[in-house]
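Structures follow.
Both complexes below contain chain A, partnered by chain B and then by chain C.
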Partner chain A sequence: MRGASQAKWVVAAVAVALAATACGSNGASSGGGSSTGAVNAQGTFSYQSSEPQNPLQPANAMEVGGGRIIKQLFKGLVDYDPADGKLRNQVAEKIETTDATNYTVTLKSGWTFHDGTPVTASSFVDAWNWSANTKNNQINSDWFSDIAGYTDVHPDAGDPKAETMSGLKVVDDTHFTIQLTGPVSYFQYKLGYTAFSPLPKAFFTDPAKYGQNPIGNGPYKFVSWEHNKAITVAAYDKYAGLDKPKNGGIVFKNYTQPEAAYKDLVSDNVDVLDQVDPSDLASYKTDLGSRAVDQAQGAIQNISFAMYQDAWKPVDKAKVRQGLSMAIDRDTITKTVLNGSRQPANSWVAPGAMGYKDNTCGDACKYDPAKAKQLITEGGGVPDNKITIVYNSDGGHKEWVDAVCNSIRQATGVECVGDPKPDFKTSRDIIKKKQVQSMMRTGWVQDYPLNANFLRDVYGTGAAANDGSYSNPEFDKLAAEADKATTVEKTAELYQQAEAQLAKDMPAIPLWYYKTTSGYSNNVQNVKFDSFGDPVFTQVEVKQK
Partner chain B sequence: MGRFVARRLLQMIPVFLGTVTLIFFMVHILPGDPVAAMWGDKAVDPAQLAAFKHARGLDQPLIQQYLDYLGKLFRGDFGMAMDGRPVIDKISGAFPVTLRLALLAFAIEIVLGVTIGLFAGLRRGKAFDKGTLVLTLLLISIPVPVLGFIFQNIFSTQLGWVTPTVQDSMNLGQLLLPAIVLGSLSLAYVARLTRTSIAENIKADYMRTAVAKGLPKRKVIGTHLLRNSMIPVVTFLGTDLGALMGGAIVTEGIFNVKGVGFELYHAINLKEGATVSGFVVVLVLVYLAASLIVDLLYAVLDPRIRYA
Partner chain C sequence: MPDLTDTKTEIPAQRAAEVPEAKPEKARSLGLDAWHDLRRRPIFVISALLIVLLIVIAIAPGLFTSVDPRAGDLRTHFLTKPNYGHLFQPDWFGYDGQGRSIYARVIYGARASVVVGICVTAGVTVLGGITGMIAGYFGGWVDTIVSRVTDIFFGIPLLLGALVVLNAFTSRTIWSVVFALVALGWTQMTRVMRGSVITVKQADYVTAAKALGAGTTRIMVKHILPNAIAPVIVVATIALGGYIATEATLSFLGIGLQDPTISWGIDINSAQKVIRTAPFALFFPAGMLSITVLAFIMLGDAVRDALDPKLR
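Up next, the complex of A and B:
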């Protein structure tokens, strides 16, 4: 789910450039003002947001600007507990399966859409059929690819042959069945994604109009969308879910410059921040005191090897790759160059995801110049004794790429330079066309908090996001086994074994996990963030004025 | 006069067409695929990509897309943005905001700039004149973003007179601070231009005649001196209105104003051809109209200039 976070970083980079010549913020620090006051349950608060890039339809929100609003307006069968990422039932009473292929879903009664109509089995089935159809141009349409009959509504080329997927059958108002093309044990985890939200009858009469004025079944109902300015939602009093809002509503206020949003936060003109801009990172903890937020997110930054280049194919080059990983001083770089906004990584899965295991990378992710040199020599040296790292220069990556290269150069004597491409799109084009010579910047933001998402979708043979074309039969075998497991716990465990293969081959060097560096104003309290980096909106309490 | 205007209007057509053509193709030369970029780092679903491009006519040859765009443009249809909203909606949402900001900045620079320039020119070499030169030099040498941050810091963070950013983009009172920042550079130019022009014209023959006729001082300065000295200033102001509207990107960013700059910045980032072209087309129209008005104003200001 990278599209919009990229846009966010672009803005951040511009802010850095501007701020370089300006004086720093002298924000009044209010030091530790977290006194719990009386709470106004009807009070509304504002949040730093960005304009959605698509109409507000659940399967059409991949970027964060629209995604986080959809998340408040809709609630699917299940969602993830913001505290630990565990799956919990929402509209679903239960989801049963014996073979991880056929699922029977039972719905709770009492759920209604914001227009008062009930949420039934066909609200889900009709929504999924519509969203998967290529004709309807939904960005997330391939999320339904596990369901039998998907290729009929979503053929590789040409017009769809059917309007419905054969794998979805409505039994009665509160029951429906899902048949998948094969076993996918963590399919229930996928169901927590907003693309699987139900849609009311009103949607299908005019989806485009609906996208400007959505009706959902979530904790908040849509109030207004002033384009480019703000989106307002209000608490839905008949909400039947576990997470009833503790506030009256949210105003998603648009900002282009994170700097401007930060200044508004310090002066209490916006209540919850998305991210602190890079130029204020050094001072935000003193500015905000106990209202500053700093926690790990479900996202990781890697640099990956172009495994499709012949030079990296020999087996003993794994040692060279491990050596390079050991030549990177992650602690120093995250503290200095990145101002503590990242947490050094020692595994390929971000903390907070189910199945995350500490230190799977082991010694290979610890800074040790002597061992690094030794491993590189044992592996026959780096091809041409030179590394280039392809990255996009519009995302604020230059500083750390240069720092990583310096670290490698100083520790091992291997020549290392960054290879900046003008923007994100250009660098992605080069990476997708497999034209990278030695290394590239890669990263992953979780779609759902399960280790499978960080592993199979990035390192599986032929996986769409496997930018380095890594292929390991053992990894694939374990992944296939994990997908057939009938419990999510078993899946997570098998994927941990698959992750161990990555430590051996080092197709990508884990650098650091993203962190949520944010804060909130004096008007609100009880602001917590989930592993997606979003505030838990329903929990926010607005103080009595 | 009428013939002159008609000729100028006709001349605008090739200028307008040329600009639209240039912008359209320049946006398409930008690297990367805007539709694929909607998926970000995620794997692009080729089937959906193809369907999307087909639905928007983006699978047509570029020249066909260009002709379609041009055809629609002449029917007043600015096309559809990537997010499914008509570009005209974005234009009608953003231009009123930027127009307010630009006109406010414009008013500030005219009133303050001309007044300061007039007094400096009349008191050439005196303390006020020297002060003006130093102050305007300072304004010219400070980049707009820096000035923006300094003002934001002083007036909101330190003094607390205003909120750091504009909360309501249509509110003139809130737009005042950004307008001052936006207009400050031009203000300095206008003051300097007026000063020089006044200082030169004050020695002109018609000035001596006016004084000799025994006209009151107000009339000598107001009617004869100022009016004749305005020609270079008006030339500058004419092009400046367009520059203020198109160049507000940085100021709008600092103060979170949702105007043309905001939309253009996003559109260029996402490589949205239709949106970028649409906005630039309107900006071109503003430029053309402003330059026509400037030419007509020459005749009003200087009786020696006549258009046949």
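Up next, the complex of A and C:
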């Protein structure tokens, strides 16, 4: 026994030494110019991913597992430059408007779907009409709610009155017009979201089957989907976009244990990591050397209240919620349990997004056990004096959920336990079905870098990602006003006022902002991450073996 | 000198007591006989002392530590190293990744393990004992039915079955784990009891009791049970350690006990994530678990030797 375990330690030491030397040589070569390494343009690489919750339809992916694959398979009118987050035209030649309500879209020619059919104006219009239709039950259908005629195809209840939205009109193959219900100054920003992707004719014959074998127009085409194992995509050689892939394809490998993904990365069995798991954060920079990535990200971690439970409805419970927020020692938890991989949050919008304002949460996000206790007592106490936090145990959340609970319990005496669900899908299903008793983990990764996305799409009444069913007429009114503004700047400013309403109601407790803490293997180079926390897949270069 | 002669003469006397001539002396029951045998075995004495200690810890953990095992202070105690000089102090075994005293958690974790171990053993012994008795005594179609049902349950692997059963509980406590393990573990006892009852049933004294007109219940309880129970007790004692290990395994896998219950399995699970930076967080709960399981298995071994030397 003793002999065996010693042998193991020796092996580990050798591995560390090898890794260290590998880092050294890598650093030297990149210093001389990153393009010097021989690159295999046909080479494929793997990425740590998770099983998509839904079939791969562009308007049906809100979670990262499906969303990031959709992003590679489809390309909409515009997208965001990974370097600076600015909007740039892709399929669109130009999008023109004078009043922020009526838009004329001109398409570039030469774009094709992976099955060879051309991308035309009706590819967009038909796709949007289908995705918005309530019958098709697409999770992101409310993204189309700005467009005139949305309520006809997606009434609050009952069957749709029309098959198409009156606001969309095809002029010819390369032109179409969009009419909105009112001015939405940042509508072009929204168009970069995957829900606005075009769909080929093949989609409409059998959307369900298509969801297992999607045909897009993006830089990568779909190859195969082994459920709960991997999704493979390959570079599309006729891709007409600005970001042509510099590699041959990607394998999205499914991991339920982030620790396992990290171990695979260290041994070069997976090439690019999504996130380093909390338990390896302390050592990942030493393990990976120059292959470690640590940068800011447009994402926030919250814990939200199940506002649909009667116990949380009374008005004075806002004080209780604020009190609970003040009972969380964000600084210490981010420094210790999260190893500095997060930045304590004091606002509901992540920094970097347009319209971000520091400290909108104010004192309610500062750790103050005495005040926390007082507020909870004033608000009539926590229902049953107990909270549970529903979370998925496959994402490395256990440590911080436990730490948050300990912090709350010790500061206020409120019993608090984590309620782990085995995987992301299970936890999302429970949250979607509104079966959460008191609290749930909710994170938000920006869809587009504007504060409106962090606010209206998460806290607006009936919004798809409003997991806690928060509803405040005042907030909705301010959000509606903000949408009507004629400039993006004005919109952002008005949304800051709406955010102030969140500070009063505290429907969700902001915990911290994400940082991209990741890394890549020795097989790849030029791995960069955008503000969404996704690697810029098309830029990744696979080294010649 | 007289002392020496005394001891020398005592040994033959004692031996004489055990050989057939013992008849005129007061007859010893099976239990008394076993006890006589057991208390002279060091392995029994050590394991029994350990178990008594564990039970005391489980009943009154407050005697051993004054710290709340759930209270953590991340500011000052995040993965603080153990201070081995501070015997029985909160920092004796160091602090875990939530800033909680590992010593306090090890002490409070004993309760879950001991309760699960004892309750599951009691449950399977009662359930398995009754079904085994019925099957063995009545025989025929009753035996066929009971045996087939037993076979079905026996076919389900304990750990796998427990995973499935426990997944059905939305919130799991000690009792749901006990329920799952009893529901899947009783078959082993049924088999042992049935075999034992079938052997005993043919004994002369049973026939005699029948001839004297004793009722079924009386025969089962007064004549068969005391003589058939020994192998069951032996198997149960050995299995007890196994049940404790199974509970820890389930908790480790995240499907057994849940927060706020304190369990060594849960602590081992959270400690494995910091094993590179804080190996002590893994060492102490894992060590306590090993010692506990070992104590029960040693006890089971000793009891087996005493009760039923044939099984040796």
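We take it that the second predicted complex is superposed on the first by the 314 of 545 C-alpha atoms of A that agree within 3 Å, B and C clash if a C-alpha of one lies under 4 Å from a C-alpha of the other, contacts with A are read in each partner's own complex, and residues count from 1 in each chain.
The working rule: a contact is a pair of C-beta atoms (placed from the backbone, for glycine too) under 8 Å apart; a residue touches a chain by one contact, two chains touch by 3 or more.
From a predicted model like this one, the values you see are computed outputs, not experimental measurements.
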Is A:282 touching anything from chain B or chain C once the two structures are fitted on A? First, second, both or neither. second
Tell me which touches more residues of chain A here: chain C or chain B. B
Between chain B (first) and chain C (second), which does A:112 come into contact with in this model arrangement: first, second, both, or neither? neither
Would you sort A:393 into first (chain B), second (chain C), both or neither based on which partner it touches? second
With both complexes superposed on chain A, which partner does A:174 reach: first (chain B), second (chain C), both or neither? neither
Quick check on the superposed pair: does A:417 touch chain B, chain C, both, or neither? Answer first, second, both or neither. second
Touched partner set for A:403, first chain B, second chain C, both or neither: second
For A:295, select first, second, both or neither according to whether it touches chain B, chain C, the two together, or no partner. neither
Of the two partner chains, chain B (first) and chain C (second), which one does A:259 touch, if any: first, second, both, or neither? both
Examine A:336 and indicate which partner it touches, taking first as chain B and second as chain C; both and neither are also allowed. second
Enumerate the residues of chain A that count as touching chain B in its complex and touching chain C in the other. 259, 422
What residues of chain A sit close enough to touch chain C in their complex? 259, 277-279, 282-283, 329, 332-333, 336-337, 393, 398-399, 402-403, 405-407, 409-410, 415, 417-420, 422
Residues of chain B touching chain A in their complex? 31-34, 36-48, 50-52, 55, 82-85, 89-90, 93-94, 143, 145-146, 149-150, 152-153, 156-158, 160, 163-165, 167, 169, 250, 252-256, 258, 262-263, 265-266, 269-271
Chain A-facing residues of chain C, complex: 70-75, 78-79, 97-100, 171, 254, 258-260, 270, 273-274, 276-277
Show me the residue ranges of chain A that touch chain B in the complex, using the header's touch definition. 1-7, 10, 14, 18-19, 21-23, 25-28, 51-55, 62-63, 134-135, 137-139, 141-142, 154-157, 208, 211, 227-229, 254-257, 259-261, 263-264, 266-267, 269, 422-426, 428-429, 432, 443-445, 463-465
